[in-house]
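One chain, chain A, appears in both complexes that follow, with chain B as partner in the first and chain C in the second.
== the complex of A and B ==
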């Protein structure tokens, strides 16, 4: 922090206030309204009616909510877990600068720049009957959620790989040299040098994964709209269709609050780390 | 000898994975270049018997061109406004003792970390109230507001790392804070701005959720949501759908290839911070 400049010229207050007001108006104010609407019954036309915690009580008996929670958990474990393991594996494999490595990295990274909608359409083409499968796995309630997960993973692995590659770059090569001299195996090097040195990247990846999992919407919405029969519903897609198709705005807001509560721990951890570094 | 064996193994493994990763893209490009009749008669998995750009033509003339223009109209101002506002905030917050600066920075970042779902209903109602629902302006302001916290956080970290001496020298030369921002700090921030601009471009261009929350008419839909509509319109016309997804991917792939290094460093900075 520059200590020499402690007096603040008034124009600089504007530099801060204008962006802060924009964010306040489009983020913080709507967020507060969201929490309030979760306590109401609202169709978007007549004034909202205060119902207390009724919306939350309703979730207990809502089978679609149960499916959405289960699928969100599956999503966290499989989408999050596999993209972390795959991303780390690919980063370790492609860590050393050598011939061809740029091409391999680019191949894994290209899907990251596609929109999830484009990604979904690409995979929908692949899933069509007469392609890889005799019948589309998206049409079967037992497989739909997994069929949606594959394209999401295809896109996420490259992203996580980039995060880990940046982390691996920061490790002192001297540590590996010393270990080689001591006759350490590749696995020992990974276990005793790479892994402990990646601890801060790991916690970043963990937050990114949890936040991304809970936000996942586009890929499911584009491929199945949460169907068939709500079988691939995530909390995010169920929230959206409840709000904008069923027009149950109060219940939808309560579903959004549930997503917020699930993300809360991770958001706080992320902020604490940011705070320490500031 | 050992090293060449392990080298061959490396290329075999990495090469196989890369090919697997690129295969879906190749399959879609091939599908996009086939004719509808060929796909209908021989199936998607068959060896192509046709080569035509008709799929691209259909996707482009049936909403593709208009959607691409809408995307430009949204993406360019959103990226510009986001970076202008956040670099101003970052400058003040990083180079001056603004009261409560740490709290402000974290509050702004916290806003960006919120799950968007909590904002969807109120934001859509807010745009209705302001009379901008179903206009591109709504999409621009919403995305600017939501992204600001992240951009400000990254930029202030970058600006804080700049040496004090430059600023002090300029102050002694009689430059005001705004001049210092414009002539010294902004030019020095260019690498970070380029990285964020490349990232922001893809995020905004690829957005679906905000678009379908504040827009309804197909005439104002940008490329990403328009692609969904194309899918509904051309059910089982797989060549058109494949062509549409290729068209939608071209701008972000172009930005990525052009700004590859900035792009990757931006992703890493954003997360490792």
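== the complex of A and C ==
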């Protein structure tokens, strides 16, 4: 081993170590500090006060936290589920090269190009009272979260579609030919060729949608700010308002830790399962 | 919030702009602390809306042209400014001066020893009314103020054959008459990104019924939101809910402004700053009346949010920054600022000239007549308490029968803010 290590040119080591140091200082170190801050009470000005697990205990009695968790779960299932199903559906539909297919692919991909804040503005206008709806679904606490979900989905479907399109291109056409010769139906081909062949793309898509749903923030913040009265609050928006409006940075860090654990938990569970299957 | 909040919305374009001031250069990323240049004091400014930015630039230019001490401006987006303020103040090398407003947040920083005592600047400000002095304490120098009231269009009131009310009974009558004519009497823009506008109603009901001292105590955490006295203010509010725009919690501040200007709603409780965005031809037609008196025994209070400057206690440029503050508080400094700013703000120096329009003259008198000035919900309490008010008040507008639960929840949420 020492021999092979010494064969690494120093310039290469430099190329690896310098970015690692930068990343460590600007990304990992603050992230680790977040874990420590989660155990403190901190207003951003006075020195942080150590309070142990109080911040986590507080979540148990915090009704807004409960709403935020429920909404994040709804978001994960609907935003994640529908964008995966929708994206895959669109990709399969638009997979074959035929006339005009490029136009449809581009049309579905266009929302991805827009900034989510711009997207939210467009949808806000659509939702205006007297527009499509008589009263704005954003103002109704029972519908606000779903009203915000639609524009987020509108964008995400196009993104997931592109990921799946790339995956579909990678499948050996010979497999389909063989299946056709064997008299397989379209569904059988999808079930036994397309789906298994997409397994590597699936893990990418899963990671992307889990991460994207947990960090969904801009679309909710710019459309409702988590309102009316916290009904469309996600963990991410609640974390932001706790940190930067209420200046409770300790509690906000604890919320950030919860988000991290959720994201990490889901992805690790999936990866472990995926490795086992292999 | 209020004006700043509004400016933040309208001036997204100005966001993050780095202004290098005049003589010297402020070279830093827009969100970080500013590199100090020897002898030049730096102002960290959140006035990113074009009119406000032009005003502070003009003030700084006028000051620097006197060939005394020099200052430079570093403009950052107001949301960045607000979230970064604690970092600015606790950094080893903070900017010298900051644009801000007096209130609970500033008092908190003062107690932590982060702010510079500018009492000697106040020695030069003998003409200022006691109200501003009380508001500012030892650490703040006020430069501009504005007022809140019910705004309406004169031509519309004439067309509907109605006149501004003098008291609560007349106000309710006016609403009834207008509704009979098919107009929505009261505008509201508490939806979208401006739920805070509902707080103006809360503030006014409270200072009209319980008075300004009780209001301040409540906002400082020395009274309770579930107190029967607080509950009582929602009785007259309920009385006028049927006359309030049913879309009031669905539309934002801008749309509510447009609705009033276009005559879909008759009047709108707002700060004078809304007129800055109004079309020129509508400006002449805009008038206002004060939030109606409900209990004549309660001393008259008005909302008059005040803006100005404070300084960091770590500043190495004490002489320069005090010279600037002194200048900004003079008649000359104030007039330079007002002349270059939007049309609706008022100087804090009683002898400084305002923009001279009928609206502004009336607004100045409107504030002078008040025995007490309150700031606005978030200024008299804190930005941290504002979201608790937003949640409670928007819920009240939508589900007024839930009042008891709303006030209990509000008190609980407020205690969380006060205890941290």
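Following the convention adopted for this analysis, the second predicted complex is superposed on the first by the 259 of 278 C-alpha atoms of A that agree within 3 Å, B and C clash if a C-alpha of one lies under 4 Å from a C-alpha of the other, contacts with A are read in each partner's own complex, and residues count from 1 in each chain.
By our rule, a contact is a pair of C-beta atoms (placed from the backbone, for glycine too) under 8 Å apart; a residue touches a chain by one contact, two chains touch by 3 or more.
All figures in this text were calculated on a predicted structure; none of them were measured in a lab.
Chemist: Go through the superposed model and pick first if A:227 touches only chain B, second if only chain C, both, or neither.
Modeler: second
Chemist: So in the superposed three-chain picture, is A:135 touching just chain B, just chain C, both, or none of them (first/second/both/neither)?
Modeler: Second partner only.
Chemist: Residues of chain A touched: more by chain B or chain C?
Modeler: Between chain B and chain C, the winner on chain A residue contacts is B.
Chemist: May I ask you to decide whether A:104 touches chain B, chain C, both, or neither, giving the answer as first, second, both or neither?
Modeler: In the superposed model, A:104 contacts chain B only, not chain C.
Chemist: So, does A:154 touch the first partner chain B, the second partner chain C, both, or neither?
Modeler: In the superposition, A:154 touches chain B alone.
Chemist: Considering only the touch criterion stated at the top, classify A:124 as touching first (chain B), second (chain C), both, or neither.
Modeler: Both partners.
Chemist: Contact-wise, after the overlay, does A:115 reach chain B, chain C, both or neither (first, second, both, neither)?
Modeler: first
Chemist: State whether A:46 touches chain B only (first), chain C only (second), both chains, or neither.
Modeler: A:46 contacts chain C only, not chain B.
Chemist: Identify the partner contact of A:246: answer first if only chain B is touched, second if only chain C is, both if each is, neither if none is.
Modeler: After superposing on A, A:246 lies in contact with chain C but is clear of chain B.
Chemist: Let me test your reading of the model: by the given contact rule, A:182 touches which partner, first (chain B), second (chain C), both or neither?
Modeler: neither
Chemist: Of all the chain A residues, which ones make contact with chain B and with chain C?
Modeler: In chain A, positions 44, 124, 128, 130, 222, 244 sit in both the chain B and chain C interfaces.
Chemist: Give the list of chain C residues in touch with chain A in this complex.
Modeler: 82-83, 86-87, 89-90, 108-109, 112, 114, 191-193, 195, 246-247, 249-251, 255, 383-384, 386-387, 390-392, 394-395, 398, 409, 417, 420
Chemist: Give every residue of chain A touching chain B within the complex, in rising order.
Modeler: Going by the criterion above, the answer is residues 1-2, 4-9, 11-13, 15-16, 18-20, 22-23, 25-31, 33-35, 37, 44, 90, 93-94, 98, 100-101, 103-104, 107-111, 113-118, 121-126, 128, 130-132, 154, 158-159, 162-163, 165-167, 200-201, 204-205, 208, 211, 214-215, 217-218, 221-222, 235-236, 239-240, 243-244, 249, 252-253, 255-257, 259-260, 263, 267, 270-271, 274-275, 277-278.
Chemist: Under the definition above, what is the set of chain B residues touching chain A in their complex?
Modeler: Residues of chain B touching chain A: 7, 10-11, 13-15, 17-19, 21-22, 24-25, 27-28, 31, 43-45, 85-86, 88-89, 91-93, 95-99, 102, 104-106, 108-126, 141-142, 144-146, 148-149, 152-153, 157, 160, 164, 167-168, 171, 176-178, 181, 202, 205-209, 212-213, 223-225, 227-228, 231, 236, 238, 241-242, 244-245, 248-249, 252-253, 255-256, 263-264, 267-268, 271-273.
Chemist: Which chain A residues qualify as touching chain C in the complex?
Modeler: 41, 43-46, 63, 124, 128-130, 135-136, 138-139, 141, 222-225, 227-230, 241, 244-248, 251
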